[in-house]
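Consider the two complexes below, in which chain A is the common component and chain B and chain C are the respective partners.
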Partner chain A sequence: MIDQSSNRAWKSFAWAVLLVTVVIALTPYVWMVLASFKNRVDLLSSVPKWSFTPTHANYPAVFIDKEYWPLAINSVLISVSSTVLCIVIGAPAAYGFARSDFPGKEDLFFFFLTTRMAPPISIAVPLFLFFTSLGLIDTIYAVVIAHTSFNLSLVVWMMRGFFAEIPREIDEAAMMDGRSRLGAFLFVVAPLAAPGIGATAVLCFILSWNEFLYAFILVAFDGRPLTVGIPGLVTPHGTLWGQVAAVAIVATLPIVLFTFLVQKQLVRGLTFGAVKG
Partner chain B sequence: MAIVFDGVTKAFPDGTVALQALDLAFEPGEFLVLLGPSGSGKTTACRLLAGLERPTTGRILVEGRDVTDLPPRLRGMGMVFQNYALYSHKSVYENIAYPLRIRKMPAAELDRCVRAMAELLEITRYLDRRPSQLSGGQAQRVAVARALVWQPSLCLMDEPLSNLDALLRLHMRTELKRLHRELKKTFVFVTHDQEEAMTLATRVAVLREGALIQYDDPREIYRRPATRFIAEFIGRPAMNTFDGNVRDGVFHASGFTCRLPGKPDGPIVLGIRPEQIQLVDASASDAIRFAVDVVEPVEPDVLIFAKSEANALIVRTANDDRAYDPGQPLYLRFPPAALHTFNAISGARLP
Partner chain C sequence: MTNRTPSPRGMPLLDRGVGPLLMLPATLLVVIFLVGPFYYMVYTALTDLSFADAGQAGAFVGFDNFRKLMRNDPLFWSSFLLTLKFVVIAVAIEFLLGFALAFLIFRFVASQRLLTTLLLIPMMIAPVAVGLIWRLLLQGDFGMLTFYMRKVGLLAQNSAVLSAPDLVFPTIVAIDVWQWTPFVTLIMLAGMMSLPRAPFEAAMMDGAKPFQIFRDVMLPLLRPVIALVLLLRGIDAFKEFDKVFLMTGGGPGTLTELVSIYAYRVNFRNWDLGYGAAVTFMIYLVVLILCSVFYKAVYWSSRKPAAAF
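Now for the complex of A and B:
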């Protein structure tokens, strides 16, 4: 009996903590959703308003009148391209780290991680100068390359573990069956690691989609993704909060929905390790 | 000679020398067993032949052709791995079909080959399953089927039975022997289990610390082990060996003496197999006295572990185990024809 009541107390406590966490995490998002449907008066009212007459005006105002819709396309192009590049370059690199031995392997591997240790702003200016001299500044390519460079370390770090989980003998069996080493990787090992590759790709996509700093520094006009479009709504005449919220919703909703849809596969991919011959 | 290791040495980057100048040759159609304890280089030899490792020096020849630098896929060999290494994302059928798919075999012929091989290994019922739904023995059969389905001239097996339980291991052993007889392929089989080697092989290559120490017919390896190491490795249980000295045609060891004519005076190692020791009466003229320590019935035989001072031995007999009590004296006779002698320092067999 004592056990049961203390168990119940513990459960209520856990629920309380969960509830508080969810409220803290969701309030800004919910507020943003509401704000995107408010008119200027409701937005700026000194007492925050929970009930108001919703308006749809903010969306067409920013996406059509201000021609923000191409920014969504830019966001997709940048995220998809950098994700594809990351996997195409990173997966073979991670496979190499998982399978072969060479002098300085662990040092080189750690070096990949150190590229993510510096504060991102510290390489912003060098990147700007670099892309300027390459003539890529203010193009989508600059952003794709920048995102690829910082996501690549993540890919190599995550996928090395996934490949290491697959027994070496699988590669060797494929080679005995008639594949070259590359063939064994492409046709046997990569399909086996697919859940892990998928999870890594999703993370890369999200990180690239949400990235602001490099995109902001590297493109100013045509190549802007949605994230960079938002500061454009801070005008000398005031911040257009309704439109900011509308852009933010369009920028986050696909990711939120997508993550909901793939969360099972994502978790399975991240805890990849059930591969047994 | 068809398959030849010509002075093959393999040193790994960490400095271990897995194989030291191995010279070995065998004929097509043989069942060659590479036998040795862990670290003897037997698996390395197998992987070198497969092309999964490159030798540091030396050449490997198949039918007179130098294959040393060929990748595995161009060597025409199949391989069975200890952990089966099945493709878990494919069905059993697709696992077996995989080597044929790589070779772009027409669908009808492919299906025929896969089913024939499944039939041969009695796994037709499991063709639609996933490898994760198979027991160890079934998975091993699938691995064997996959290695043989495309009719390679040579099949390599790296400790294929080690992950199976004892009964299944015996069964698979018999199956492999039958398969070898029916398919008339060359089998190269790696094991640390002397019993597997003795039962399967047409020839056994015993390896130790990267060197080939005996290469012969299994019967000959049992009858005339080339070194003390092999004597103590082969047989169940292995040969009893005693360190001692010869003085005037008599072998003196701690706890007993034994007539050993025709050997020069000096240190020597004497060996005798447990099943060749005779149990005699105390009154027998050449009886050697030991004391019973432990008795193990391994039906239908009995193993008697006996001691005399620093020496211990095992006797294998068909007598009733209840006749022996710990501590009781045991009178033994070593038939002269059953004695083996080895050099006390090098361990090499003495003529």
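Now for the complex of A and C:
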């Protein structure tokens, strides 16, 4: 429908647009990476410095001298625990949604979505009071529980589709072979859904790792993850941008790597299973 | 409309009662830690609870907070309108740019996994980090972007975008566009790739021009995905908090005080919890409405075989 040469011109145009967009998307991040390797003079230079003698001093300065390393550990503990809980609690529920039918099922399914869509700020105050009365405030348990409940709906919505794609005959065959219902789910269906479960788990991890508001409100000192530690480094007078950048890089690098890991399932995760990707 | 008919393969597999049982732990957790607090918030909205004033210990005041909110709080309404403006402008730009990019990739570049994945980095990294990155770029004295903007004359010598009253709002919109346009591209691209071929072939056989095919075949087929993208982005943008909070804290003055930042200020700066609950309830209401539109428009229609994805 378009002749050859104009097609080729469009092709180059499309490539040019794509490449420029990638550059625009990445430059700010690259600038932050560079900043984390700059000394104070290079950082505060009024003419942007693209080449400089790199220093790694910012990393130990903030993680060891300012004792930010426990925040990284908190981030890992919070994200891993909430992800494991999410999958252990959410996957059976998703399997139930995919394999059973009862009045009100779709309403319950929609109910899960509404819990996900609720603005964190509307739940944060009561949760803050609730955890205070339980004595869990300022511990990572509070954040783990908050993240688990908040991300559960994503697991339920995403995993239902993965289970629905596995034919019911598989369950039936496993049960004919003498497996119990639970055995069929654990040893036959779940392994078949493993890629989906993995992708869902990575997405849960990313969401928990990146989350700010709940963690910011629920922990102030001991249980702080990296996201909550970042604002504390930005002060009205004399922010040490090299150190801020170092924390930001440590807080984002795992996510950049994970993005490559789950890119195939990302569409499904980001649309709550509505678009298959 | 609801999809309650048994599956075509016959009766559902699980015995009666087993399905709900499997859902019980998840439901309980969500009810205790999200729904419970939600109702507590609704109750708090009817009291005068405040941590800042010992005289306001949480006495029941009926709808006083909502009355004040409706009639007597210009700050709430200006932040509400600002948020609507933010959502409409940012999502519109993100959609147009993201759709155009998706179409270019779909039509002329085909599958380019590495580059499209690189595009996703701005929206995958923590929003707090995004706020920080842009704060560094837009610093008044040594910001990289500030320097180049001044050089090409986009910015006056001694001003900085994040503290300039006329520039700060467009800037947070632009940063949201930078962060979320790839989301639209990714979802639209997936939608385009899963379109059936037959309608396009039929249109070409009938001699339709490329633009006609785009307008009369492709757009209608993509409608469910477009609705989905707009709603998901709309809901998310309405809740925007992290990066704006990090970059401007709502300032200068209240020029970028989105409604969630206003709610944060009332609750956790003024500790006016009763009134703060009324404010957050309003936010919740708007999101709930958008959310049910999302469910009706997108999810149900996508389960009917007629819709194509």
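One rule holds in what follows: the second predicted complex is superposed on the first by the 252 of 277 C-alpha atoms of A that agree within 3 Å, B and C clash if a C-alpha of one lies under 4 Å from a C-alpha of the other, contacts with A are read in each partner's own complex, and residues count from 1 in each chain.
Criterion: contacts are C-beta pairs under 8 Å (C-beta built on N, C-alpha and C of every residue); 3 or more make two chains touch, one makes a residue touch a chain.
Just so it is clear, the structure is predicted and the values come from calculations on it, not from any experiment.
The superposed arrangement places chain B and chain C next to each other on chain A without a clash.
After overlaying the two complexes on the shared chain, residue contacts for A:172 are found with chain B and with chain C alike.
Touch criterion not met for A:220: it reaches neither chain B nor chain C.
Put chain B and chain C next to each other and count what each touches on chain A; the higher total goes to C. In the superposed pair of complexes, A:101 makes contact with chain B and with chain C alike. Look at A:191: by the touch rule set out above, it reaches chain B but stays clear of chain C.
Of the two partner chains placed by the overlay, only chain B lies in contact with A:180; chain C stays clear of it. The superposed model places chain B and chain C at 90 degrees from each other around the C-alpha centre of chain A, with the value given to the nearest 10. Shared-chain residue A:15: touches chain C; no touch with chain B.
In the superposition on chain A, no contact is made by A:257 with either chain B or chain C. Once the two complexes are overlaid on the shared chain, A:118 sits against chain C while remaining clear of chain B.
Closest contact between chain B and chain C, by C-alpha atoms in the overlaid model: 7 Å. The contact surfaces that chain B and chain C form on chain A in the two complexes overlap at residues 101, 172, 181, 275-277. Remark: chain C residues 2-4, 6-7, 9, 11-14, 16, 18-23, 25-27, 29-30, 32-38, 40-41, 44, 101, 104-105, 107-109, 112-113, 115-122, 124-129, 132-137, 141-142, 144, 147-148, 178, 182-183, 186-187, 190-191, 194, 204, 209-210, 213, 225, 228, 232, 235, 238-239, 241-242, 246, 260, 263-264, 267-268, 273, 276-277, 280-281, 283-284, 287-288, 290-291, 294-295, 298-299, 302, 309 touch chain A in the complex. If you check the complex, the residues on chain A that touch chain C are 1-2, 7, 10-11, 13-15, 17-19, 21-22, 24-26, 28-29, 31-32, 35, 43-48, 89-90, 92-93, 95-97, 99-103, 105-106, 108, 110, 112-115, 117-127, 129-130, 145-146, 148-150, 152-153, 156, 168, 171-172, 181, 206, 209-210, 212-213, 217, 226-227, 230-231, 234, 241, 244-245, 248, 251-252, 255-256, 258-260, 263, 266-267, 270-271, 274-277. Interface of chain A with chain B (complex): residues 101, 167, 169-170, 172-181, 183, 188, 191-192, 194, 275-277.
The part of chain B that touches chain A in the complex is made up of residues 13, 50-52, 71-73, 77-79, 81-89, 98-99, 102-103, 131-132, 139, 143, 146-147, 150, 156.
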